[in-house]
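Would you mind keeping the following structure in view while I ask a few things?
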Amino acid sequence: MKNTKIYYKKTKFNDPILFVGLPGIGSIGSLVAEHLKNELKAKKFATLYSPYFPYQIIMLKKGTFRLVSNRFYYAKGGKGKNDVIILLGDAQPLTPEGQYEVNERIVEFFKQLGGRRIYTIGGYSPVAQYIKAPKVFGLATDPEMIDYIKKNGVTPTNITGMSVLGSAGMIVAFSKKHRISAACIMGETGMLEVDPNSAKAVLQVIGKMLGRELKLGNIERLQSETEKMLKEIEETSQSLMFPPPETRGKPKELPGYIR
Amino acid sequence: MKNTKIYYKKTKFNDPILFVGLPGIGSIGSLVAEHLKNELKAKKFATLYSPYFPYQIIMLKKGTFRLVSNRFYYAKGGKGKNDVIILLGDAQPLTPEGQYEVNERIVEFFKQLGGRRIYTIGGYSPVAQYIKAPKVFGLATDPEMIDYIKKNGVTPTNITGMSVLGSAGMIVAFSKKHRISAACIMGETGMLEVDPNSAKAVLQVIGKMLGRELKLGNIERLQSETEKMLKEIEETSQSLMFPPPETRGKPKELPGYIR
Amino acid sequence: MKNTKIYYKKTKFNDPILFVGLPGIGSIGSLVAEHLKNELKAKKFATLYSPYFPYQIIMLKKGTFRLVSNRFYYAKGGKGKNDVIILLGDAQPLTPEGQYEVNERIVEFFKQLGGRRIYTIGGYSPVAQYIKAPKVFGLATDPEMIDYIKKNGVTPTNITGMSVLGSAGMIVAFSKKHRISAACIMGETGMLEVDPNSAKAVLQVIGKMLGRELKLGNIERLQSETEKMLKEIEETSQSLMFPPPETRGKPKELPGYIR
Amino acid sequence: MKNTKIYYKKTKFNDPILFVGLPGIGSIGSLVAEHLKNELKAKKFATLYSPYFPYQIIMLKKGTFRLVSNRFYYAKGGKGKNDVIILLGDAQPLTPEGQYEVNERIVEFFKQLGGRRIYTIGGYSPVAQYIKAPKVFGLATDPEMIDYIKKNGVTPTNITGMSVLGSAGMIVAFSKKHRISAACIMGETGMLEVDPNSAKAVLQVIGKMLGRELKLGNIERLQSETEKMLKEIEETSQSLMFPPPETRGKPKELPGYIR
């Protein structure tokens, strides 16, 4: 396998919008895309494989597995409404060359499906501490798109010189090249590998953009588990600094953690 | 040399089965493939070279050498029985691109020989301690194959999200793409770089699958040496913690170790 | 995107001279090129993108951004004088292959514009301490060029075996191959990531070569800020070694720093 | 520059023998090749450049430079005697792909010149200590060559599983593929980055093979300097362990060291 390939079922779309949520900072892209897929009951119609992905298969239930991939799901929007396409997956390309090739392929594939708008989801991590009330930041290909995301609660980034790494940024750049309107929507986050609180803030923005109330129960459950865990860690580290005699040497076991 | 190449003697096979045992976790693949090759008195008929392998030659006896390679051996199965092909070698490809290219080449080559079934051998390392009674785990391309390995003593993996790295996983993935039935058979292991005990468990499964009793004397000798060595290490580390006066500063020399 | 590409507006040039100032030792290349661009009021006419660059976009003002790139600017020289082209950018290629490809492309592109002379700007760091009165060192493709830079205040390098890494060196090497006269001009520097003092020394040489007085106000402001900061660091580290009681534990905050 | 290229002056050779001495263990290859070049007054006739080499230029005298390269020199053997070709250079390829490509190109180029015998020079480092009386080890493509080097004082390697990294090994492997008789000649060495003593042992073997007494004055001077330096280091480290009062805190400066 020498080249990146997309296998897909031919499907007709009504002016589809693409949401891209791949692994990255705070797992915000993955959390948002997974949640959207479930809420919209989206169906898989395409799979992207690439020799620039990690050389792994991933175990599934009962002796089954899949090769590392990125997967496209879709949900019909209904009369007069845009269809929604969601891209999620196990990994981003590992090398610069891979990032440049795969991310442009994603944009070209979506364009070929008739798409004209892309939102990539990422995390923005200005400080190394948990953010209770995360803002949502964004940048975009054109002034109209910047205005549009601003109206939906996104703060345009304004720090010259900071960079966005990986697919979330690259796909917006290749969108510009291919004259597709695109924005990178980033939940503010810090310290956590999986930040459902920040993902929730992004989902609220997306709900507004889709003119559709998204149920957030699942993500909120994850959020309260995370916050409970953070509180326990805090207490544990305090009690480790000043341990009462009976717990010395018995570090408290922490609850499991998804990635 | 810009491409992966397989040099081979034209050979006719009767519905051959491929066993793949390359370097990896616990050296289980290598131990199993080497043992099978010897037990079945298999003969080399093909060699794979690749610019993605380490750039080394390997010294052999009396001033001879070989370039790093993967090598195919075969044993005729006899009347009505499948021929057996064994793939073993010095290394796996070093880069993602190499893994994607070489592992698919292996599947394509085997398909071209008329093969329809592949078993890759690997190690599965859930904990960092020596496993006295290792289980054999497995995953496969299709439900029939999962049933088949289950009947032969393999426990289907059932942990969503764990991954299998390298050839053992990738070859099964490419088998699926090329509509070849394949399974990845993994001996449970931990801590050891070379684990003959786990390899023995896998060989017992393979013996069942081949309907053939495999002599395990060599691997059992290696196993008892390893366990003796482990016991000595344990005693040494205890005696290092509480050394009797006469051995202070004289660390006990450990027996040699194959890789 | 599989290949390096240069997008450009067709422009006619009068025997143009190219100055190359890319990120590197002491940021001298970047400082000099940025300063030249501003002083000569040069205009962008070409942009180079490459899959060998970092896979990032860079935030600009108010929600805008750019993909990592190298950019060509030009300033007309006026009657009888050479036009000046300036190459600056966000990054150098990340891999050897990338360096060999992109740097030769730059030379070929410039040759295609009718150019016959190139100066690359870099830093030369013989010792790890701040250099108050930095020399400017240089090497070149041909004896005439070596004579020419010597006349303009550059000391030819004379240490067999030292090497110049990256674009500053590679572009001069590819110039030689394509029979373009080129020199690598290096400001002496040490310890600092951004050394405006050394950049100033290089700009004085360039001013001479262009027969044109360059205003150095901006770079001098940066230089005095840097020297002030260095003095404060020195005092801080001394006072940290012998801190007066009232400041113990309160490390002094240092002023911001450009990169 | 996307491909490895060899630029050369057309030259006729009388059944040439190639000696390859590139940077590597103990710098033995480089020392031997450089010495041979000087002793035989060999002349440069070809230069190899590759995008797999480090992206550097190397300063030479008075503002001149060269791009990192491998260079071929030749010396006429005189009536009835083989011409000698020597390959030396600044670096080996940095990546596996580069090693596989460049080393095969070297063999193909030499074959195209009519060559039928290659000796690569390397170091063999079994222990981490200075070797006073280094042996010369070797491996080869065919039994005749093994016999031949044995007769000239080389001990055939006999440790199955050890490997030879880089050009010294790869060129012998590609020689075999292209049906050229080749041997890898390795000076025993340990600990030193530059080991003239081991290089001398190899040069004595080569002198025998060429039926020609090689002057070894230069290499012996380097050897005695190295041994003097080693003795001083030894004394210094002893005196540092038990320093006389007057030298405490004054580590003795060591003489310069070539690389």
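In order of appearance the chains are A, B, C and D, and numbering begins at 1 in each one.
By definition in this document, a contact is a pair of C-beta atoms (placed from the backbone, for glycine too) under 8 Å apart; a residue touches a chain by one contact, two chains touch by 3 or more.
Remember, it's a predicted structure, so these values are computed and weren't measured experimentally.
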| item | value |
| --- | --- |
| Number of hops, chain B to chain C, where each hop joins two touching chains | 2 |
| Same or different residue numbers at the chain A/chain B copy interface, by half rule | different |
| From chain B, the most remote chain by mean C-alpha position | C |
| Cα-centroid distance, chain A relative to chain D, in whole angstrom | 53 |
| Distance between chain centroids, defined by C-alpha means - chain B, chain D (Å) | 37 |
| Where chain C touches two or more other chains, by residue | none |
| Which chain pairs touch, all of them | A-B, A-C, B-D, C-D |
| Residue ranges of chain D touching chain C (in the complex, touch as defined) | 1-2, 51-68, 94-95, 98, 259 |
| Touch list for chain D against partner chain B, complex | 96-97, 99-101, 103-104, 138-140, 146, 149-150, 156-166, 169-170, 172-174, 176, 184 |
